[in-house]
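What follows is a pair of complexes built around chain A, which joins chain B in one and chain C in the other.
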Partner chain A sequence: MSATDVVVPRTDASAGVSTTVARPRRFGRRVREAALGYLLVVPSLLIFGTFIIYPFFKNFYLGLYRNPPFPNLPKKYIGFEQYTDVLTSSDFYNSVKVTFLFALLTVPAGIALGLALAVLAHQRLKGIAIYRTIFSSTIATSVAVASVIFGTLMNPQVGLLPWIGLDPRPPILENPEWALIAVAITTIWQNLGLSFILMSSGLQSVPDELLEAAEVDGAGGWSRFRNVTLPLLSPTLFFAAIVGSIFAFQSFGQIDLLTEGGPLDKTNVLTYFVFEELRERNNPGTAAVLAIALFAITLVFTLIQMRVLERRVFYGR
Partner chain B sequence: MGRVGIRGVTKRFGEVTAVDDLTLDVADREFLVLLGPSGCGKSTALRMIAGLDEPTEGVIEIGDREVTEVEAKDRDVAMVFQSYALYPHMSVRRNIEFPLRSRRVPHDERDELVGNAAGILGLEGLLDRKPAQLSGGQRQRVALARAIVRRPEAFLMDEPLSNLDAKLRVQTRAELVELHRRLATTIIYVTHDQVEAMTMGDRIAILNDGALQQVGPPQAVYERPANLFVARFIGNPPMNTVTGRVVNGSGSVRAVAIPGGEIPVAPEIGAAITRLGVDEVVVGVRSEHLKVGSDGPIEATVSVIESLGHERHVFCRLVDGQPVIVRQAADEPVPAEAAPTRLTVEKVELVHLFDPATEQRIEG
Partner chain C sequence: MGAEAVALQGPPRINRLAVAAVVAGVAGPVLGLLLWFTAPFLGGVAVLLGWSLALAFGFSALGQIRMAHGAEAGDRLARAGIALGFVELGVLVLTLLVVILIAAPVAGTIITGLAVALLLALLLGNTRLVGRYVITTVLALVVIFPIYITVVNSLLRPEQIAGQPTPSSFFPIHPQWDSYGDAWSAGHMATYLRNSFIVTILITVGQIVTAVLAGYAFAFLQFPFKRTLFVVFLSTLMVPFEVTIITNLETVDSLGWLNSYQGLAVPFLATGFGAFLLRQAFLQVPRDLQDAAAMDGYGHMRFMVRVAVPLARPAIAALAVFGFLSAWNQYLWPLLVTEDDQYRTVQIGLKQLRGTQLDDINVTFAGVIIAAVPLLILLIFFQKQLVRGLTAGAVKG
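What follows is the complex of A and B.
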């Protein structure tokens, strides 16, 4: 390249036009595309903002005020004092413990049972569709119906137990040692349909050919399940664990209908505690603090699960 | 040892008979190819040997024992699947190791065997990868390594080359033959590709509609196809077949008249046709046994000429329009396209004749 080539200024008219005109046009198009994008997001932002973001901050704000002991008196700003009071109370500590215990009782057992039924129903047998329908039927059952069924079964006067000659004293739902387990069983039963369907769809995605290869490779039934089915099912199991835990943390209906948090607060999970504070003790401030705590606990627990469990999940091929 | 016996095996899926009364003996260390079009039952036959499908009737033997009722995991065979069926969540090493782990081979021995198998197939550098990180050819090697890592009685291979590109397929074909020689183990190999069958097998077993058509060394099957199906299935371009009327000479059949001319028949085959007492036969001539030229007994027209470089396929039509393909070496004179020509069969022994009713070969 010669020196003159470098110093000669660009005088080409068409080149000048193309740079001055093309750039704003491109810029204009980008603005229009961005505007359309924001416009499309507006509806979901509105819904999200109204029902999630606003209530969240409102809750936080409510937690800063102590409610008066009698209605019609002004509420009092006390800052974070109410947060520390509630979060260090033994009632809160008990409720967190019960919540985790409830999740521990319901989630792993629910997944394991759903998986077991799905494996049973994953056979090419005549009439297996009937069993699939039966196993998934509880998905059509509401929490209320499940609670009424189990409440009736465990009822000391009309239930199943007196009919088979058992008469536990105190009745199961009033027994501090058994009440939470009874509620957990009701919950597992009610969620079994969903768990079964989830696990069945997961099993469908395990290629038969891999199981056949394992069989020819000398693997028995358990080894095939352990070494082929389970790893390929891990995304489903992971999903079920995360969503199941969140469901468990939010369970309310069965507690309300079966035990109302009792006996001796042994079934007083956080959601029910929130409800009690708000409705029975008429205390929106503490209820708000508890609600925020429940959110934080759910978030942290989910993040921990993702960190710990996801390492063992195999996605795709 | 690695002998495999299939005795009177039938497999029905509801109304459909996938394999019909199959009897086949595979000798120890033999490379047997099960060949047939898709849906002919060859894969089902292989799956029954593996123990993945149960025969409706019949008996399967592997080595010295009957295994008809034995589960796949206890049959001591290894299988290479068309899709390779590698365990996607396991590394190459774990994949190859899996059959050893399943049989509780001790750790040290396992490492050594995996090393050997990986060495034979050139996988040493890939042992820590996952199948998704491998090319098609590498995956195929892993599937082979997983099969050879323990010494089973027999290897079963279900179209193992069909997912490879054409070039790699040719190369792997030769490598599989070498591997067979090196391992000296029985291989039963399923394919629909006659080139694979011809080039790899000690013997070929040809299946159609679930029934065995012919078993024999590739060259013998090519030279003496047992029936019309085999004649048309083996060979590329396929054998030319034309139905003709028998022409009687002094006391026996002398030739077969086809549209545009006559094809002479060897005396002993002529006698066989006379014994059969048929008026019509199907004449079969392979494309490389026909010549085009200015003289010859059969009148025809050249329609299209395809040049493949080393050879030419000359597509002709008989006077009634039936297609006939002539294969020419590249150094032979090129006939004119869309022009009349005459066809000659090189030697009378190269004419195959079939009974049109039974489609069976007529032998002298």
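What follows is the complex of A and C.
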């Protein structure tokens, strides 16, 4: 009680001082603070505006124009015709299918493998640090590094497929049934280090006491994993599923290096389709429509995932 | 207790099982040798039966003796049986392994590993522990194999790489280091690496600077439309870069930045992620410090450089490592804006390198290793920061 008695007059006094003496200066300080704020934000905003926001909206405009078959001719306004043409084409439908299939092949398997390795590396064993380093080692590989390694290993002339008893002919990357799976395996391997690191740090946040308590209650290894570890890990799994899908939808390098969209467009994901239209067919209008579709699909799929998965996430506390 | 038991029962009787163990241990190989020339299959069966019976009888005899007499009773016979069994097992496994290793190196390596593990399990008597090591080791080998074989292949001559595997396919007996020299100079890896370093460092430094500035503004300053601007920053995270390439390519072209470091770096000098990360870090800076700094007459810029930035060092380090990693690994954009070897980055360089003939396949492998080493070093030294950067989103939700 006495404390408030002491404090109240003091705040009154200081407020009085600032209102009477510093009003004009305070106004100036506010303006200067705001100016400084804008000044600090402007560099980022300039980059965002030029290289993200403007090109993003420009896509919608570009999509309205059809590019001439020969360069140096003016492009032709055709309105939404191009949108309907592209979005109803069988190539687009195929590309969307391949994109989702690729995500389906890479994301769940990547998370599961990363989790399995993280669980193994979470044991108290001598020398486990070495295993941790090995498991996270593929983070040092880029998409290009992984693709060149696997592309060479799967090459029929110099590859290792015969070693494990697989027939290298016809070349696996030219086989319509296997090409996407081969690209997916490359991707899973390349992202394994990332997945492992993520899952490991998630596991470390599971308190040992809880697991010990479950053990005392007679829960076996699997039951403890299923009923204690997994729920506590669900935020990490949730994050991995969302970010992993976004990554998968944006995959480009491995397709370009391993299959170039082939065979028979069986690996022609949306990003590669955009690239092809832009680079090989010199057709920014179609590419823009495809890019908008890629954005919309990523956004909608992420929102659906958030809706569906978040309900199962246990945030504790 | 043991001594009493012995005293009661008199001198240790010869255990029949132990005798059987020794007999089996001796008879197995003898029979096997005798039968080898007439009926090799039966001979093999005899050897197998010999050692398995020797071991089985020996161990159960040992068990019986220990139950009856305690640990120190005369169990030498049983031990001899067991030893015989082990020696035979060893010889057998070794022969088998040599045969398998020659016939099928991959399977041979796997079987050898399993055999070693089994032996360890028997010797240590802790199957669970050894089992864990076996699973972990096998997975570690699978994960590391592509990298290992890349290193090995980079040290072989091209004609050694193709075709049937030989022992030197797994371990280069005469390593040929010149593939690295070839990749470095003839393969332009030196140029590509230099370009990658320049662009990556430009991007990393740029991202830190813009993120610190914007993060500071969002954390410490009041200005109109602050919330709106922050939402704009975050929404840039929603737009995949692939969506913007069409116009960005035009923009960079019209600026005359194709085949230039600016063209490679400038579009990435700011990230919504960085600004968000730094804002969160700055918000942790105690209010008292701000007040104290204000008393000392610190302006905002001085406070930022002297107090806020040092306190936010962990977040900045995380952003730096994360930015470096993603900039180094960029593929699509460098592919689009560079056509000149003079400005190509390592990732695109690898594509070029792979395009060359299969005669230089070892050079391609060497190039892959050269491209991966900088990140490997980064991973080793900055593992903690990397983990923090990668999981920043996961933890904060």
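Brief remarks follow.
As a working rule, the second predicted complex is superposed on the first by the 267 of 317 C-alpha atoms of A that agree within 3 Å, B and C clash if a C-alpha of one lies under 4 Å from a C-alpha of the other, contacts with A are read in each partner's own complex, and residues count from 1 in each chain.
Everything that follows uses one rule, which is that a residue touches a chain if its C-beta (ideal position, glycine included) is under 8 Å from a C-beta of that chain, and two chains touch if they have at least 3 such contacts.
All values derive from a computational prediction rather than experimental measurement.
By the touch criterion defined above, A:Pro231 lies against chain B but remains apart from chain C after alignment on the C-alpha atoms of chain A. When the two complexes are overlaid on their common chain A, residue A:Asn67 makes contact with neither chain B nor chain C.
For chain A, the partner that touches more of its residues is C, with chain B and chain C as the two candidates.
Of the two partner chains, chain B is the only one touched by A:Phe314; chain C is not.
After overlaying the two complexes on the shared chain, residue contacts for A:Leu160 are found with chain C alone; chain B is out of touch. By the touch criterion stated above, A:Leu210 is placed in contact with chain B alone, chain C being left untouched. In the superposition on chain A, A:Ser223 contacts chain B only, with no contact to chain C. With both structures placed on the common chain, the touch criterion links A:Thr106 to neither chain B nor chain C.
Comparing the two complexes, no residue of chain A contacts chain B in one case and chain C in the other. Within the complex formed with chain A, the chain C residues making contact are 105-106, 129, 132-133, 135-137, 139-140, 143-144, 146-147, 149-150, 153, 161-162, 164-165, 209-211, 213-214, 216-218, 221-224, 226, 229, 232-233, 236, 238-251, 266-270, 272, 275, 300, 325, 328-329, 331-332, 335-336, 346-348, 350-351, 353-354, 358, 361, 364-365, 367-368, 371-372, 375-376, 378-379, 383, 386-387, 390-391, 393-394, 397.
Interface of chain A with chain B (complex): residues 207, 209-210, 212-220, 223, 227-228, 231-232, 314, 316-317. Note for the complex: chain B touches chain A at residues 50-52, 71-75, 77-79, 81, 83, 85, 87-89, 98-99, 102-103, 131-132, 146, 156. Those residues of chain A whose C-beta lies close enough to touch chain C in the complex are 30, 33-38, 40-41, 43-48, 50-56, 58-59, 62, 116-117, 120-121, 123, 125, 128, 130-131, 134-146, 148-153, 155, 157-158, 160, 162-164, 189, 192, 194, 197-198, 201-202, 235-236, 239-240, 243, 246, 249-250, 252-253, 256-257, 271, 274-275, 278-279, 284, 287-288, 291-292, 294-295, 298-299, 315.
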